[in-house]
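The structure that follows is given in the form of structure tokens.
As written, the chain order gives the labels A, B, C and D, with residue 1 at the start of each chain.
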């Protein structure tokens, strides 16, 4: 990979070498279509092994689809899904979940650092129980969250407990699930089925694939006929091996975890550098691969002028994302530019 | 590519070298997401140049999505789409168009060799005009058809004429559009916008990509806000360059056309061999990359036993598909096996 | 009611006196909304008593909604519903079931006299089992059928047996259920839950109400949260008593059955008169309140010119419908006009 | 009507005498179905005359349907609708608009006294313009609002001005439109098409009908094929005259306006009485037929114990609704009970 000057998004990064290698291998001959190939079997089995349970695994193209279809399988159009007000499914899916479910509403909960609390869930379930309001049937959690924080196993179990009380299914948006596993240093099962998660959408794209997410049903009843749902929704790849073979590349020798650890480490390096910078403050605790920092506007302008790309999040704080392809040199260059500005431009 | 023993589907084939090369090139550095990269711009411009018109171009993941979303943009849930009774959107999309449109019905027309006739369209439009029946707003044509035949420019213009009379939009399912262009030996514009096609779904997957279809709006009014539709439906790739760069590979030096010509030529070779085989008859005229032949059941069993894979179509005839990766040696081996059977197993 | 000159439809008729009386009674004072009134409780209890089982009962506005929502509760968007090719849900609901289910396809079966056969159902379930085709989850039967015939209890049980084999739910479109009960002279339970019907849409409109259908779930599991479905779909009446009180009027002293018997008797009188008329032939066996007869075109013109209204059905045969408000004098006048024409206009 | 002890809802009231009379008249003979009767023509013409413009008029069963289908006709599934956070379509339709539109999100705006401000609309339109967020295409206003206030013609024109700037359609939820006209004492055109309203859902139910709302398109382009939409959605009444004839009863001699004035006057009487009551305060300015008052909890309990029914609104304030059937005696009795409590139960 060439030199990169961006912390804009972990989906600006390319395909990691191991995924590329597996794809090249899968390209050596013709293979059956629609997932009847050897790679898809192998990738699904690999995920079952990773999670150490007999879950149902489906591969779809992207995260919007993974989350929307998983949520649709958890309820009906007249049900609702409880999520944090900052959840990606609410703020950045252009109504994808509402579309796939034919009208289910998202009920917006709250909690510090982007994490939904059991209290907030309970409040949303109990404040209305009449038929004029959609009945909650699912809770959606993002792990890691949109602001780079993680739910601990204990927090997840507390949420499961409320979910049990009110017959709610638990969905996990795992756009950065790998980064959460790396940060928490737990076995993947500890923050999924052992903590009561029914369905996980495990993102490969942000972890080093071209595209392709695994929808993993730990609650196998919810997976009934899910392959038909994927097909109808335009999410069944004919040449599915080009999604599943790269997944094999990620799973072999835990490349997925190395990729996540690397991205987290780059973010930590960035965080530590920023912490030393006068006038810069962190908005949220940095736990995974993103740093959310309030940068003075002149500094932002200076950095952008130097060619750095990054987005500003709600409330104006800058979101700096690292990925498997971020280099420590890149972080150093960025911090050096900030130092330079601090020396020259600040009184 | 290794030796292959299948005529099962053109989507059993892999990624062609030129598409692979472009993908490798696109993987050299980080790039902006969601289509804001250089490759997507280049691929869309390349298609505009190819069709010699200022059309709107969108890339989606697969054919189900391309067709379903294109049709949804042509009408409302209470409208209907006229298609041939053998059309893929009717027989093999698991209700994808009905889902994307939230309920539009497909009205099934007829015509010899899988081709919808103007008369059949007119009959379906005029037989019911009351509000208890969904109002036709679109015609969907498959070019080449599901049975390997092609609409001539004249036939398309005759259909456009009926469409104009009844205010119908014209959609073209181009799963094998490249093969149709190759077979007809016309400029792509002649069988699309110059013949009154409003929207074409041009398949890259069957032509040599891992995945990725271009939805091309010649009628630009119908494209209004289509990018939002793609996003909501889970059809906006974050790392879109991995769809668009391979398209660049196909477009450069007309690789797409060479791929199609090669596949058509293999099918012609197959057709000619089968024509010489006693007891074998062709069900439909062979015009593109598939041969539809009635093979005696013992012959089918013999071939399958030798390792050949192919599917039987409605009515029991065998569908033998060639692709860019089919080799003339493979066709020779297949025909030799048939000869062998003819010599030894037929009285 | 004034003199009427129509056999166009049983929904051209008005509100029968007993329903009107109940509505007047319900209008004497304010009442709670959304079904929390005394009338709705009474009507639902009355239906449970009538069917002699503890079913779940919901009232909706019309038949399109009753059928569409009942079918939506039986499957998902990627499932399919098997029905006769003449079924109202296919031919006259403008895609209502596809809309309410967000895309479920109807698979069209066959059978003489508008009645689906077990063989036809089995054929549709078994001909495709791949994920490219929507999976059948329900059978929809119309009792009485669109061509005025009835399923016997034995026929229904044979269909239930196939349904059990393939895990299909059984829906009954009872637009003219009352007429079927009257014709078969059975207890309502014999052709519903005792014959394996999961959900019945029992029409009040055609039986003498202004509007209002009862959706009756004998399979109570399928009724889960159905009240939310009704609400979301715009089928929860705020002043629900104006639907339920008239139902009380129909249920008291079996007015519904008298109305149906009367309509059937008028149709029988019509049938017998037509049977004596030269040049007129019956298309289907007359079993309930409609006669399907091939009338010579000049006779049709003569009758219409005399002011009679009736519709022609597919294939050009005339559909002559009787209702609770049809009078024997009206039938006599119609037959007299035919006699007159026969005497004067036929060679 | 009998004595009533409720201020729970204006839909607890029955059918007003003039609507009943028209319904009785409509019941005297058979009539064509699906709106081809004389009453439906007359009611639609009556509304055109009332609004003094050539609008398109459709009758549907209830308010959920009227609003949901009207909004669906204003945009696509990937668009959004801006409404006040207290809007009925957000808080009490169980996802009806999301369902009818197949996924359009509601964006929640703000403003004092339940009224959306132009600033709030502009903020919601401009804060996000990327494809990850649904594009606003409509503004929905409730006239009178959910808290009993009204938009003045000037306020409506200011909103239209923002709507024009951003290409938004303007929808008016007229559940209590009649009460707003009565309160503002303007010609109905002044707060609809002359102020830039594209579609009005004019409620008959709350004004004195059993059921039935008029969806009135002043912007006739938006009405294209709306009758098919109604049919598919289960909103086409077969015996439509039982909706339209009562509307004729309301329109003749401006009964609708008298009903609204009466309800407003009762609410005013209630408001004035409450204003004199110690410990009671009004939450919102009383402008139409509802009073929103903070009643001490012991007083609420006392009143409920005396048999009075009323609901508490968000924030715990009591909502006291009057209708055409509320009597001044009823208001007097209620106020007398409050006086009694004040004398005996307050220190």
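By our rule, contacts are C-beta pairs under 8 Å (C-beta built on N, C-alpha and C of every residue); 3 or more make two chains touch, one makes a residue touch a chain.
Owing to the predicted nature of the structure, the values given are computational and were not obtained by experimental measurement.
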item	value
Selected pair, greater C-beta contact count between C-D and A-C	C-D
Centroid-based (C-alpha) most distant chain relative to subunit B	D
Computed distance of Cα centres, subunit D from subunit C, in Å	34
Intercentroid distance (Cα basis), subunit C paired with subunit B, Å	43
Between subunit A and subunit C, centroid-to-centroid distance (C-alpha), Å	51
Residues of subunit C engaged with two or more neighbouring chains	77-78, 93-96, 99-100, 102-103, 131-132, 134, 228, 231-232, 236
Of subunit A, residues touching subunit B in the complex	1-4, 6, 8-9, 11-15, 20, 23, 26-33, 60-66, 68-69, 93-96, 99-100, 102, 205, 210-211, 228, 231-239, 242, 309, 325
Contacting residues of subunit A [partner subunit C, same complex]	34, 76-79, 102-103, 131-132, 134-135, 225, 227-229, 231-232, 236
Parts of subunit C lying in touch with subunit B, wherever the complex brings them together	77-78, 80, 91-96, 98-105, 131-134
